[in-house]
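Take this structure first; my questions come after.
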Amino acid sequence: MPAALFGRLVAAAGPTWHSYTRHEFVLRLARGDLPEAAFRRYLVQDYLFLLHFARAWGLAVYKSDTLAEMRRAQAIVAATLDVEIGLHVEYCRGWGLTEAQMAAEPEAMETVAYTRFVLDRGLAGDRLDLEIALAPCIVGYAEIARERMADPDTKRDGNPYREWLDMYAGDEYQSLARDAAMALDEQFARRGGEGRVPALAALFKTASRLEADFWQMGLNANRN
Amino acid sequence: MPAALFGRLVAAAGPTWHSYTRHEFVLRLARGDLPEAAFRRYLVQDYLFLLHFARAWGLAVYKSDTLAEMRRAQAIVAATLDVEIGLHVEYCRGWGLTEAQMAAEPEAMETVAYTRFVLDRGLAGDRLDLEIALAPCIVGYAEIARERMADPDTKRDGNPYREWLDMYAGDEYQSLARDAAMALDEQFARRGGEGRVPALAALFKTASRLEADFWQMGLNANRN
Amino acid sequence: MPAALFGRLVAAAGPTWHSYTRHEFVLRLARGDLPEAAFRRYLVQDYLFLLHFARAWGLAVYKSDTLAEMRRAQAIVAATLDVEIGLHVEYCRGWGLTEAQMAAEPEAMETVAYTRFVLDRGLAGDRLDLEIALAPCIVGYAEIARERMADPDTKRDGNPYREWLDMYAGDEYQSLARDAAMALDEQFARRGGEGRVPALAALFKTASRLEADFWQMGLNANRN
Amino acid sequence: MPAALFGRLVAAAGPTWHSYTRHEFVLRLARGDLPEAAFRRYLVQDYLFLLHFARAWGLAVYKSDTLAEMRRAQAIVAATLDVEIGLHVEYCRGWGLTEAQMAAEPEAMETVAYTRFVLDRGLAGDRLDLEIALAPCIVGYAEIARERMADPDTKRDGNPYREWLDMYAGDEYQSLARDAAMALDEQFARRGGEGRVPALAALFKTASRLEADFWQMGLNANRN
C-alpha cells in the first residue's frame, strides 16, 4: 500500500512539488554539468542544515506520545549525529571542505528559512505538523534520486555527483524514506482527520517551496 | 446548539468529571460549612495558578494559526493580567491575604501538577490539546457554580462563600465559559477528526483528575 | 543612562548593524526616491511579519518569570493586535492594499527567515535570547527613523514616505524603543553575565543581518 | 576539581536537599525495612518518570547550541530508551511487575508534578535551566547511593533493595552523574553569570522538593 497521506499532499502541492524535485539544480546534477561552485555551496549549507535536522528530531522525541514514537525519533537523531554528519564531513573532505570551514560558514538565508520554519511548525503544532514539515526533505530526496536514476538523460559514468545520487537512490535511504512516509499515515490516523488536510497541505507546500529555494541558493553560488 | 466536543469529553471522563465538579470542597463551599482554612489555602494557590493560566494563554497566542485565534487568546491574557488577578487580589484582601503574602507562598504540589501538565500538553501538542487541557478549569467552573446555585441544599443567605458562587454563576463568566466550549468545536473541525478523540478524552480526564486534586489540596489544609 | 547591553551588541555587530540601519532601502525612502513597488512589497510583507511579531510576544508571556514581565509582554501583544495591525491595515489602504490581499500573499523567504529565526531562538533559549532577537527590529526602527530625520539629505516636503518616518521618529515609538532597550539591561542583570555576551552578540548580529535582508527583499521587488 | 555550581546549589537549597537525599524512603531502603508496597509503588512510577526523562533530554537536543551539546543529550536519550528502560523493565519483572501493567498505571500526582515542572522550566528557560531542573535527579541519585553505601547502618547482606543501591553506587552511574555535574559548570560559564544564581538556586530547590515528594509518594503506598 502506498503512503496515502503523502500522496495527497504531493497532489495538493501542485506544480510546487516538481519545482522542488525537478529543480534545475537536480537536473544538472544528474546530467553532471552542475557547476562545482553550486554543489560546494550546497554541501556546506547542507552541513549546517543537518544540525537543525537533528534538533528537529530531538524535538520529536519531546513531542512523542508513545515509547515507539520516541524510539523512532531517537533512531533518526542518532543516525544524524553519529552517522550522517560523519559521512557528510568525510564526503565533503573529498571536495576539499573541512568540517571547521563548514561550521564557520554563515547560514544562508535559505537555510535559516527552511530549518526555522520546520522548527516553528513543530513547536506551534503537534508531532504530525512537525513530520509533515520534514517530509519534503526526507521523502523528497528519495523521490529525486529515484526519478533521476530512472532518467535516460542522467549521466552514469564520469558524473562527479554520481555518489550523491547512489546514496539517496540506494536501498537503505529508500527504505528509510518509505518508513517516514508510512509513519505519516499512522500519525494521521491517530492525530488527524479530514478537517486537518487543508492546513497540512498548505504546510507541506510551503516546506516544498522552501526546499526549492534551497536548491536555488546552491545554483546562485555560481552567479556570485 | 450545545458544545458537542465538550459534551463528549465529559461523557468519556466518566465518574472523574463529577469527582471534580461535585468534589466535597465544592459541596461544602455551597453549603457554607467549608472550613475557612481550606478556602484560604485555595485562594492563595489559586493566585499562583492564575500566573500560569496567563502563561498558558500567552502560549496560545504563539500557537495561533489565524488573527482571530490570536485575538481570542490575547483577550484572555489581558483579562487575566489586567482584571482577574486584580479582582482576586482585592477579594483575597477581604480574607486578610495580601498579594505579597500570596506571591511568597510556595506552590503546592497540586498547583505544580495541574499547571505544568497543561503547559506541557500545550507545548507537546497543538492548540487544540492546549485548550482541552484548560477546559476543565474554564468550562468546569461555570458548571460547578451553575449546579450549586440550582441546588436547594446551597446556602444562599449568610454563606461566606456566596460571592465566589455569584461570580462564577454570573452572566459574564457563564458566557465566557460557553464561548470557550464552543471554541473547542471550531478547533476540532479545523484540527481534529475522530482519530484524535481517544487521546483528547484521556487528556481531558487527566486534567479533570488534577483539578479534583486541587480541591483536595484545599480541604487538606484543614487537616494540618 | 543609555541602554548598556544594547550599545555593546551594536558595537559587536560591526558593519552588519549599519548594513541594516543605513540600508539603501532606508536611505532612498528618506530621500523620497524609493520605487513605489519596493515600498508596497515591504508593506505587504511587514503585515505578515506583524502576525509573527505578535506570536513572539505571546511566547514572551509564556516565558515570563514575574508578573511585571508578563504584563510588559502582554502590553506589546495587545498593542500589536489591537492597534498596530489596525493602523498598518489603514495605512496600507492608502496605498491601495486591502487586508485580504495582504493576508493572501505568500510570505517572502526573507520574512520566513527572520520571523522563524526569532521564534526558534526564543524557544530554544530563554526570554533574554528572545528579546535580543527582537531588538534589531524594535530598537533598530527607532534609530533608523531618528537618524534619517536628523539627516539634511532627507526630503521632508512632498516625500511620499514621510508619514512612515514620522511614525517611527515620533515620541511614542521612540519611548517604546527606549523601554525595550532598557529592558535588556534589566534582564541581563537577572539572567545574564559576561559569559553570555559572545553568544548574545552573535544572535544580535544574525538578527540584524536578517533585517537587512528584509529591506533588500523590498528593493528586489523593483527588479522583478 | 569538584563541580562548583552544583555545590553552590546544594548549599543554597539548605535543609530541602537532605529532606530529599536522606528521605525516610531512602534510609529504610538502605536498612532493608522499606515496605515492599512502597518500593513497588516507586518502581511503577519511576517507569512512568523515565518516559518523561527521555522527553526532557530530547528537548535538550533541540536546545543545544553546539554539536558536542547535542551529542551529550542524544547519548542520554539513547541510554534511557535503549538501555535504562529495558533494565528497569527487567528489574521490575523480578518484582512481579510487567511493562504492560506499569504502562497502564495512572501517573501519580507527584510524578506529574516533578516531570512537567522540569519540562516547563526547560521550555520556558534555556538549556542551563533544563539541566539544573534535572540535576537533583541525576546527580542526587549518585549522592544518595554513595552516602548510603558509606553508612554503617546500611544492611548489606540479605537486603532486598541491595541491587538498587549497587546500581547507583556503581562506577558507571557515579561517573555519569559526575559528568552531569561538571556539565553544569561548562554551561554556566557560557550561559550564566552571578546574576542568574538566585533564580537557578530557587529552581534547584523546587526540583529537590518535588523529588522528596516523589519518595513520599512511594512511602504513602503503604498507608493506603
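A, B, C and D label the chains in the order they appear, each numbered from 1.
To be clear about the criterion, contacts are C-beta pairs under 8 Å (C-beta built on N, C-alpha and C of every residue); 3 or more make two chains touch, one makes a residue touch a chain.
Keep in mind that this is a model prediction, so the values were computed, not measured.
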{"item": "Interface residue identity across copies chain B, chain C - same or different by half", "value": "same"}
{"item": "Relative to chain A, chain with the most remote C-alpha centre", "value": "B"}
{"item": "Mean-CA-position distance for chain D and chain C (Å)", "value": "43"}
{"item": "Centre-to-centre distance between chain C and chain B (centres being mean Cα positions), rounded to whole Å", "value": "37"}
{"item": "Mean-CA-position distance for chain D and chain B (Å)", "value": "31"}
{"item": "Touching two or more other chains - residue numbers and ranges from chain A", "value": "55, 62, 119, 123-124"}
{"item": "Chain D partner contacts - residues on chain A that touch it in the complex", "value": "51, 54-62, 64, 67, 70-71, 73-74, 77-78, 81-82, 85, 103, 119"}
{"item": "Complex contact set, residues of chain B against chain D", "value": "55, 106-107, 109-110, 112-113, 116-117, 119-120, 123-124, 206, 209-210, 213"}
{"item": "Residues on chain C engaged by chain D in the complex (per definition of touch)", "value": "62-63, 65, 123-127, 129, 188-196, 199"}
